[in-house]
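Each in structure tokens, the structures are laid out below.
In what follows, subunit A forms one complex with subunit B and a second complex with subunit C.
Right, the complex of A and B next:
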């Protein structure tokens, strides 16, 4: 075996989350009233595009969650040693983009470093020059060469992208033909001309753009730093891509922590009333009166000290960073379940008086069964909307918390850390803007897609919206 | 009304005690005072004597909840929980790890926080309501759709982006205002313009979208139709009838945060170097000064509860149907 899989705790939680998502998908597709709403979501052009973008981010995050160690050597006693460096499939797919590092800053597509260095020139005297980047092919000498090279690579990406999209459209038409009476060629032409009745043409265009971007990265990033390099010479594009996993984890693990609290306690408070209601209300009022940032700060400070004082429990840097990431998600979950719980309590109070639940009670159905079979399915749309709206907020919150100093570990690659370490670079002359722009751009696309999707979800699932 | 307020304040006491217990548990159960001392003194190579000295000077050398060495009331009062947490109820915040009195610092730093938070809130509120009204006025047109999409785009941009770009464009490239700093008196204005403007712009997306939902819920009700049938202009209907009736949900969102304005904005104050409570908190978090964080948690909770009570009172002012009995 040349490699050995490594399972970080957050990886396992991420797989678990995906399994739950798949399970929920199966369940939801069997519910008739849900199916109609989902159809409405998917047929909404903006939501469809957002969904494709979100799935792309999810795929990158998943690739980045499959970790392994490479074999270094086999000792004489037959024991194999593995590299201490944990890599993910994403690192492999990016082809060592994270490995080759320059000395310091360099602008996007630059041929030379940002800072001058003392070096020996052709005639043999020492001189202050801008050293060339290591990754650039020696045949590319001037800016003119570079322009030709870059445009050549872009042209290749465009052609390949169009070919792949056409192939995709053929497969897609084959699939669609099974559902409609149109002939295959007619179906294909409709799809390409954008005249299909459903927004499939748009879907194809979105997929085409994503394929093009992937090809572009594949063709260009091997040679150039598309978003430049940061202070210690790491590729910024690589960091921005690695941050996707952190953002996804913060958004989704928090939901995983928050959901059971909100669902169970909210339903119980509304269903039982009386003393149970009083206690649960007291708990969430207390928790929600503490300013969120401060509670998170207090908890993270405590955990930091705990980790620092128990080095034996966290042996590797990756493990320590991972523990802090999970702790952050748990704390965010604990602070954010209260508002959903309050809404669910109110909804359950209303549901309790509805005929079918009264009937179930009269028939002697137990409380657990009533809550799990009758109450929870009927508040699912509220939960879904709340999760979707919270998700984007959490991704944005990560950056703020990291800036405050209570976010993810400084060694975890995240948009927050990128912004935090780059925010003072705007004061340099010439301005170092690429780290910030890359972090904000990747975060913006992600959050925008999540927000647009959440908006469509709300329109489709919120009964108050439907009336309008 | 008076009886109601008193009752609400009594209800607040168990909540405050709960908050104190939570923060106390967070700070002292996960980490013993020894751990805190070691972290403060620098992790490694710390002698036992140094830890004891630090604990004694900062008052951490007491048992957690129950002191068996003392007599009577002192069995409970001479403990960490009482001296560090319950004393907060009388607003005795004690002193920070650096030795400065926290209460004095809070009083000093409150004003810059207010100077930045109050204008942001007021200008933002007016702008958001106007923007939302415009969207409702042009409802079901492409103008509204583009307004909504603009809102979603604006709320998808990280708040830090607005701050960093604002500082860069207006402070560094155009040299219109100083990038950061603060001054007291009228001189403060030139330091405040940029953070307030950025705060307002950063809030438009979320705010205007939220108010639009509120207005849309009102706009199809019967009384609005009656007003239109009387021949009133749409603008008059919107600003006179709809706005008045949308006041309750608006107040719920606004009044509750008024007391918290004292706490200031963490990001704004830290980026613009304004010596308010927000930057005070951030500095405390970065220096791991637990006393300050604890005091701020308590203060924030008290202000939040006051906000809730104020919200209820404001309901009676705008809606004659709401009464306290």
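Right, the complex of A and C next:
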């Protein structure tokens, strides 16, 4: 075998999370109330688009969570060993975009470096020139060539995108035909004309756009640096894509840490009242009055020292960065459960007096079953809404914390790190804007989709939103 | 009667836009109201009464649209052609509204006075002093004592009845020609209801306005209305002067409603019910909307829509029975009264006994949460419930009846006293014994919407209590199937969620859940007060026949005297946490001894003709249980109060018919 799979701790947690998500999906699809609400979410055009975008991000994150080490043979003594560098499927899919780097900054689609360098010219004299980049299409010599090449590739992507979308629409109509009485061709025409009653046409358009973007990246990224390179010459697009996993992990793992606290403590405080309520309220009031950033900074610094003192436990660079990422998730989770807990306590307090809970008590049902079968299913909609809203907030929190210096490890590629390293260059003239713009663009699309989706969830699940 | 009607509603139709196109919520309503007259719209929930009033005031929600041929004429001007600005001149000034819920229809952050002044300033050009004088005058007119002080108080400082009076004062401020009263007394107690109806009648005579009264309560209608329109599923199906409406209801639906009213006299037979439910307004029905629930229905009824046919000079009904349509069946099946089973096994075993039970809720204040007072919700109640019998607990809201019910089940801790179930005191029971007790002592709640977990299917709801009790019943599925059939549901419904059931079906499900445990005693906490009259009769029949079949004992908590008269064997009347009178149903309803019981019975609006609204039986309202009056709690409201009453609470006298009043102490 040439490769050996590597399971980072965060990978396992990520798989676990996906499994839980799938499990929840299965459970929810059996609940008739939930199914009706989900139907409402999916039929909401904006939510559907957001969902597709989120799923695309999730797919990228998943690809980036399958890690392995490659077998390397040293040239000198012929020994083979596994490289200390851990790669992911995404790295492979991007065709080594992360491997070949330039010396320093270069603008998007540039042919030359952004800084002058001393080099020997043809006549043999030393000269200050903008040297040509190494890892771009060698056949492109001039700006004229570049324009032709780029437009050619875009055209190819467009054509391929349209073809793929059409194929997709055919498959889709075949599937839909099984459910409706329309003939296949009629169904297909309706879909393409956007006249279907449900927003399937929009779904198709969204998928088409995503396919186009993927094709564009496939055709262009190997030939040019689409978003330029950073200070040490790494491709910015590659970094932005790798950041997706970090953002996803921060958003979802933190929720995973926070949820049991909020759910169990909130339900218990509300249901039992009295001394239990007093203690839980005391804990979360205290916790929420400590400035969060301070707590996070202290925790992260101590983790950092722990990692530095126990090198034997963290053998790879990736493993070390990973440990810090998980630590950040845990500490973020510990500091952010209080608000959801407070909401759940209030809701449970209200539910406790509702007749069906009283009836369950009169039937002799124990407190554990009452909480697990009556209280928690009836606050699930709040939990769902809170998770969706918190998720985007946490992704943004990562960027802020990393910028301050108490976020993820500097070697972890994240939007926060990209922004942090781009910060100084904003003062440069001419300005180096592409790192910042790339991080901003990817994060913006992600958070916007998550927020829109959360809004749709709230509309569908919140009983207070009037259903018409 | 004046020659020109004040309000004329012609072909009023309101449609709502659904995913299947427009569906009529109101279907060609026609009625008129003369000046100074009270016209009542009566009907069960969901029949479109409230939509009618909203259409008249043009406050319909945006999803509902008026059909273009609808006309609403107020003194000859069509309100539907008025602009929004012109319409806002009509609202409050010429047409005013009183809503059902006095708690939510007043703005809690404005004083009572400000809310009246708002209307006065809007419609008249009073100066400050004059406006204030007028506002106080109005408060005075609606019977609010110390109107000057009340002017500066906030709604939360007033009791429910007072708030409803303020609401009336606000609506009268514009000196309207038409007052729309939408269930004005549904949220208040009977004694207050009598006061408010009296007040409305007096005000109507003084100010000469017309009233459109909307109600589901036939008693209120009989007392307050001049003419009646019966609504069913978005149509007016009968139209009659109130006397004929009571004496000779024409439409089978109206007849069914009257027959479904429970009563002391009907207690040995099942109540007549109207089978089925009101069809959903959006269903889109062919023919007569009542046909599939009607005993008389024949083919024509299912295919053609009946018009209003003359029954007598002022009385018309939308039923083919009164048309010259041929094809009537010769002998419509006579409705038969079904007699009940005889009592299964009469025994004198006392199942549930409470001895001087007290439930106090501490009121805590300050940082240290020190107890400053007690709310004495239940203050020393002794009861006995015998096997196979029904004991009714009667009283106004806030008198502690539901609290007592929950305390008997140990859903609430008692502060003092003892509850004995089959010889064991439940206060000292172990957890295990208590669990066992839960099987024999069950409860049915008032609100069929809140008492079932919306996230569980019917089968899980029914079997919930049995799941943890192993070996009790072998085949749970068969047990569940048997139970749903027993309470009149079908097996197919076992896998439905509560929101798919109607109110009556939900209450049947609650009964099934209680029965699943095979209890001896069921505490019924107002089981029918949230239901419509026709559905109420179905549930009462179910409860009554189950009792006869299985020998169940009921503790029946209710505020509705007619229901109690039908259901109960014994009655206990509660006032402010204590039982003031207790005895067999016949004795109490025929010869009440305690002045409170007398007043309570008198206040119940009866469906008789020699009515003329009874003089308000009681003044004032029930005091707060936090600071009950000294001596007999009832003395501040009692018409026969003596000096003695202010000093000490009277002892209990009498053997079978017990009463706590100095009038009966020898």
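The criterion applied here is as follows: the second predicted complex is superposed on the first by the 458 of 468 C-alpha atoms of A that agree within 3 Å, B and C clash if a C-alpha of one lies under 4 Å from a C-alpha of the other, contacts with A are read in each partner's own complex, and residues count from 1 in each chain.
The definition used in the following text is that contacts are C-beta pairs under 8 Å (C-beta built on N, C-alpha and C of every residue); 3 or more make two chains touch, one makes a residue touch a chain.
Worth saying up front: this structure is predicted, and the values here are computed from it rather than measured.
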Checklist entry - In the superposed arrangement, which partner chain does A:400 touch: subunit B (first), subunit C (second), both, or neither? => result first
Next on the checklist: One more residue to check, A:354. First (subunit B), second (subunit C), both or neither?
Outcome noted: second
Item to check | Winner by number of subunit A residues touched, once subunit B and subunit C are compared | outcome: B
Next on the checklist: According to the stated criteria, A:15 is in contact with first (subunit B), second (subunit C), both, or neither; which is it?
Outcome noted: neither
Checklist entry - For A:369, is the partner it touches subunit B (first), subunit C (second), both, or none of the two (neither)? => result second
Checklist entry - Can A:82 be said to touch subunit B (first), subunit C (second), both, or neither? => result neither
Next on the checklist: I'd like to check the shared interface: which positions of subunit A are touched by both subunit B and subunit C across the two complexes?
Outcome noted: 468
Item to check | Footprint of subunit C on subunit A - complex, ascending | outcome: 31-33, 354-356, 358-366, 369, 373-374, 377-378, 468
Next on the checklist: Residue numbers of subunit A touching subunit B in their complex, please.
Outcome noted: 282-283, 285-287, 289-291, 293-295, 297-299, 301-306, 308-309, 392, 396, 399-400, 403-406, 419, 423, 426-427, 431, 436, 440, 443-444, 447-448, 451-452, 455, 464, 468
Checklist entry - Taking the complex as given, what residues does subunit B use to touch subunit A? => result 14-15, 18-19, 22-23, 26-27, 30-31, 35-36, 38-39, 43, 152-153, 155-161, 164, 167-168, 172, 216-217, 220, 260, 263, 266-267, 270, 281-282, 285-286, 288, 290, 293-294, 296-297, 300-301, 304-305
Next on the checklist: If we count contacts the way the header does, which residues on subunit C are in touch with subunit A in the complex?
Outcome noted: 63, 406, 409, 411, 434-436, 438-439, 441-443, 445-447, 450-456, 464-465, 468-469, 497, 499, 510, 513, 517
